[in-house]
Amino acid sequence: MNPDPLDLWRRMMLIRQCEAQLNDAFAKNLFPGYIHSYLGQEACAVGVCAALEDSDWIVSTHRGRGHYLAKGMALKPMMAEMFGRATGICGGRGGEMHAADPTKGILGGNGIVGAGMPIAAGAALSAQVEGKGRVAVAFFGEGASNNGSFAETMNAAAAWSLPLLMVCENNLYAEMTPFADTSAAPDIAARATGYGLPGEIVDGNDVLAVTEAATRAVERARSGKGPTLLELKTYRWGGHFEGDPKAYRSREEEVEWMDRCPLRCLREVLLDGRADAATLDTIEAELTEEVAAAIRFALDSPEPEPSSALAKVFAA
Amino acid sequence: MPTRTYCWALIDAIREEMERDPSVMLLGEDVAAAGGAFGGSRGLLDAFGPIRVRDTPISEEIIAGLGVGAAMTGLRPVVEIMFMDFFGLCLDQIFNQAAKTHYIYDGMFRMPLVVRTSTAVEMGIGPHHSQLLEAWVGHVPGLKVVMPATPRDAKGLMKAAIRDDNPVIFIEHLALHRMKEEFEDGEILIPLGQAAIRRPGRDVTIVATGLMVARALEAAETLSADGIEVEVIDPRTISPLDIDTILESVRRTNRALVVTSSLKPFGFGSEVSAEITEKAFFHLDAPVRRLTPPFTPMPFGKGFEAFLHPDATSIAAEVRSLLA
Amino acid sequence: MPTRTYCWALIDAIREEMERDPSVMLLGEDVAAAGGAFGGSRGLLDAFGPIRVRDTPISEEIIAGLGVGAAMTGLRPVVEIMFMDFFGLCLDQIFNQAAKTHYIYDGMFRMPLVVRTSTAVEMGIGPHHSQLLEAWVGHVPGLKVVMPATPRDAKGLMKAAIRDDNPVIFIEHLALHRMKEEFEDGEILIPLGQAAIRRPGRDVTIVATGLMVARALEAAETLSADGIEVEVIDPRTISPLDIDTILESVRRTNRALVVTSSLKPFGFGSEVSAEITEKAFFHLDAPVRRLTPPFTPMPFGKGFEAFLHPDATSIAAEVRSLLA
Amino acid sequence: MNPDPLDLWRRMMLIRQCEAQLNDAFAKNLFPGYIHSYLGQEACAVGVCAALEDSDWIVSTHRGRGHYLAKGMALKPMMAEMFGRATGICGGRGGEMHAADPTKGILGGNGIVGAGMPIAAGAALSAQVEGKGRVAVAFFGEGASNNGSFAETMNAAAAWSLPLLMVCENNLYAEMTPFADTSAAPDIAARATGYGLPGEIVDGNDVLAVTEAATRAVERARSGKGPTLLELKTYRWGGHFEGDPKAYRSREEEVEWMDRCPLRCLREVLLDGRADAATLDTIEAELTEEVAAAIRFALDSPEPEPSSALAKVFAA
């Protein structure tokens, strides 16, 4: 797997635009419910998904748009889903925390912190039984790593050598609570060894580093050697949800991390001989418009027919 | 008299009990430094310090289990499980441990534990934050279950729950958090297991819980204009249920309707219906009805929720049909 | 025709489905090498190998979660949660994930998952192994819940459950594991959601589940000697409930009694009572009764259990009182 | 804490006799239900409890008699409880998996594997709030360490520096399943580091080693330094329950471990200058009779009044 860095940048910019423009929509009161913003974490989703094929599976979280877009969910139906519209990929019934696309291997988000990990392990089990080298990825936050499901998943996946990547995006906060307040050890990766799988710390704002680590872990998984835990050190630029006053952290800390913006980091690499500023600016402008169009599409889409809520409780 | 919101009434209750009794403490996700994910514990960390007010990891099982162990050994913990939708992660500690410990060990331990939890039903935030599972905990012997519908009740029930020597599941409606009520300051204790008659009436009894209490009252107003007088009963405690107050009413009105935000099959309405039928059958002029959302998961968005949940109009219509 | 025990009928069912469909697999604690903690999967590891039959860690949440993820991606897993009493550790995967995934994602995924579980009620092994929580899962839209009372039903319901594209909670009574029945070999499919009339009768309808089916039949024999003809209905599927069969019966008998090993408040009996009352009220000559153990945890030992649980004598007495 | 080794031996012998004679009673069909035998693990319970005061708390498991007796529960009411008799310490309603004695700090057994750990952490929280230096102990098996509750407990206890000992008795099997079949890493102790607490492996058949390690962990806890995970390597001589045919392991393995009998090991130490064989034999004879008397007491005791089951659902 050797992805073109320009493609990585493009995908990160798509997510960046999506998150920034959704915040604007929220500020204008156009958005229903909460927004769990992915601003600042773009390199995590994009770096990991760059190591995957369409046929590989991912399981996302409450903070899922980055994963959805990185794994290839079409922008417009995803966006319409966020707004709960009939044109959404789930007909508007999933909403901000739930979107899926089996054709792209996207098995959904979740409103329950930690619940995605066992599900991803189940997908990895399918992959193992099938025997064609697919892998599954569980995305989750450092907060979720304090949940029992994390340990149970590591243990079972290691015991059975499941082709699973456990990707912890350590953005330092779970809602309003700093990780250090709820755990005596700072690194999630260190929890892996005791359960018999490798754990690795990666700079989650460096998309190339993430891609490389994920590629290694995917290879390990595909070749039957079992799961890997990756801890991507990153930062959630926004609050837990838009509107959160962020009293629990300093503005200095925020500035420090924003200085390490994953897009800016990659831009510097690209400008060093791989792309010129004009190209990047053009792409940015295109994506800006693409996202704006998707938001317009969502806003112009009808609300779902309320009675559609009665359907599909059971599969026929 | 001062005016208080449902949310501040709860904070007042916990603060007063913590002042009164040093063994009361509060544990949960974001309850300390942040003052609660929804502001439901503002000021308590400052007032009582980090020994008694603690932020926990996102570990629902140990949140509940810490409460069990602490309650067995002399504390009176209030532990918060942010949403009742998360009970699937901690029910073992609640139904096998908290509920049964006094019983199994022949009364050697008390279990003065409050599990504070909430539902965001009708707030449009989707299938994992909109559930009301009072029937699950109502099915467990050894648990008490309360669900306040007004600010004053929220305060009085919380204070009583904290003083109770048994495990109490305390269910808040986030959609009621900003509801205001004027009521006296200080000591309010509402005994667990006591229903309130919110409105007297002679023609039909509505048993409504949580969000549905105000709607039932609204429907009652409309119906009153047509000469239909509805009695509205708010059980306040789901278990043990004050069935006597309900029966006394049904024996007068001869008709009953149960209205809930929770689902029908194996739900609160079925329990109330079965009890009324068993104990007041020959007073009934018509079968007990249950008005609830249809039996589906709760989709995202207020549009769906408005369609699915009972409102004053559908309640009034149900009453008319019950009287027809 | 050959004779089979309830336990071997279940093994046969799983074996036949595993032979028929390579996507069926079995996961759980002690299910592989040991052939099941109670012998409920003997021979399956040998027949199908360690890829398809696996011993799991004691990690109920991931046992259920593995089933969810595997079912979403093309397998038809049967996952075993040894006792239903342990559901407090894995309900999130069952009620928030398995039950809602098809719905939330607008039908994009199927969830052909069977959660195989059991109760040891009336086997005297105490409060953490004697619970029947069919009401909990019955309260969840998107789940099917079955509870076989005979060997042939055990086989036919298990085969149907495995072929169903929805999550099915399959509840076994360990106390029935050695029950024998003579029935045909091979393909038996009992559709989910279809009750069985175990005995026709004109005077009263008993709805009984699990262990209580045989006892209700025994009581019916006794009563028949006195000219009282009881109709006994075994719903077999708890959810979706075949209420039509029950209603049709009650409209003939005008009286109903529900008998369960599970508890009364918010239980199966309340649901059946509420449904009958709502839909056949004017056919009822008396209120629907519920005969269940009292509302306590289940203490250790067969002495206590014999006292607490309904038996043929107490069922017959209840019928007589219902007819009085 | 410097316990007299002869006292340790006496207590281990009490448990040994209890377990052996209960097996006899079971073989004679005098016992109701299952027996989860503690034979072979006596040094674990006795070694840990030797480091504790009456005021310290323990939480036990489904395999609890060793812990109960080591922590000082009176033999007769304990025995009667096992038989479900009215004279049992819980009036016969707890039975084989549930006994408790608050006056001795015994907070109960459990039918739910793993559920005791969070409860013990709650007791440790009480101890911390009280501030008088009490500690709490969670006993559990290696099988339970695969449950999420184990990880959640380690994490929370370490984060809050709770005065907690997590004592894993690694007897190699969970019911009929060898630990190696369900985990990729053989040592439970190794799981501690990642969660920020010390984890130590101890010979669980050497009561002196267990006492020493537990004493250190208790001191650490009492002085506010937080929890410790002790992994006691030991062996369950019997099946998971009496009657289990033990097809999952070899007779050689059993013999090897029985050769390392914790009582015999200590006996050799004692005979080396601290006690003579006659003294030990006398003690053994006394305890044999004491246990036999307790079993007679249990068998002679009445069954509980069935209607007593209706009482004490709620505390008044």
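Letters A, B, C and D name the chains as they come in the text, with residue numbers starting at 1 for each one.
We adopt the following convention: a residue touches a chain if its C-beta (ideal position, glycine included) is under 8 Å from a C-beta of that chain, and two chains touch if they have at least 3 such contacts.
Predicted, not measured: the structure shown is a model, and the values here were computed from it.
Path length between subunit A and subunit C in the touching-chain graph (shortest route): 1.
With chains reduced to the mean position of their C-alpha atoms, the one farthest from subunit C is A. Rounded to whole angstrom units, the spacing between the C-alpha centres of subunit B and subunit D is 40. One finds 36 Å separating the Cα centroids of subunit A and subunit B.
Each chain gets one centre point, the mean of its Cα atoms, and the points for subunit A and subunit D are 45 Å apart. Residue numbers of subunit C whose C-beta contacts span two or more other chains: 56-57, 59, 61, 85-86, 88-89, 92-93, 96, 103-104, 127-128, 141-142, 295-297, 299.
Touching of two or more other chains is recorded for residues 93-94, 98, 110-112, 146-149, 152, 155-156, 159, 181-183, 313 of subunit A. Under the stated contact rule, the graph of chain-to-chain touches is complete, every pair of chains being in contact. Taken together, the subunit D residues at the contact with subunit B in this complex read 57, 59, 89-91, 93-94, 98-102, 107-108, 110-112, 115, 117-130, 136, 148-149, 152-153, 155-156, 159-160, 312-316.
Those residues of subunit A lying in contact with subunit D across their complex are 146-152, 155-156, 158-159, 161, 181-185, 187, 190-197, 199, 226. Remark: subunit C residues 25, 51-52, 54, 56-57, 59, 61-62, 64-75, 77, 92-93, 96-97, 101-111, 141-142, 144, 165-166 touch subunit A in the complex. Partner subunit B is touched in their complex by these residues of subunit C: 61, 85-96, 99-100, 103-104, 127-128, 133, 135-136, 138-139, 141-142, 239, 241, 263, 265-271, 273-275, 277-279, 281, 284, 286-290, 295-297, 299. Within the complex, the subunit C residues that touch subunit D are 29-30, 33-34, 37, 55-61, 85-86, 88-89, 123-129, 294-297, 299-304, 306-308.
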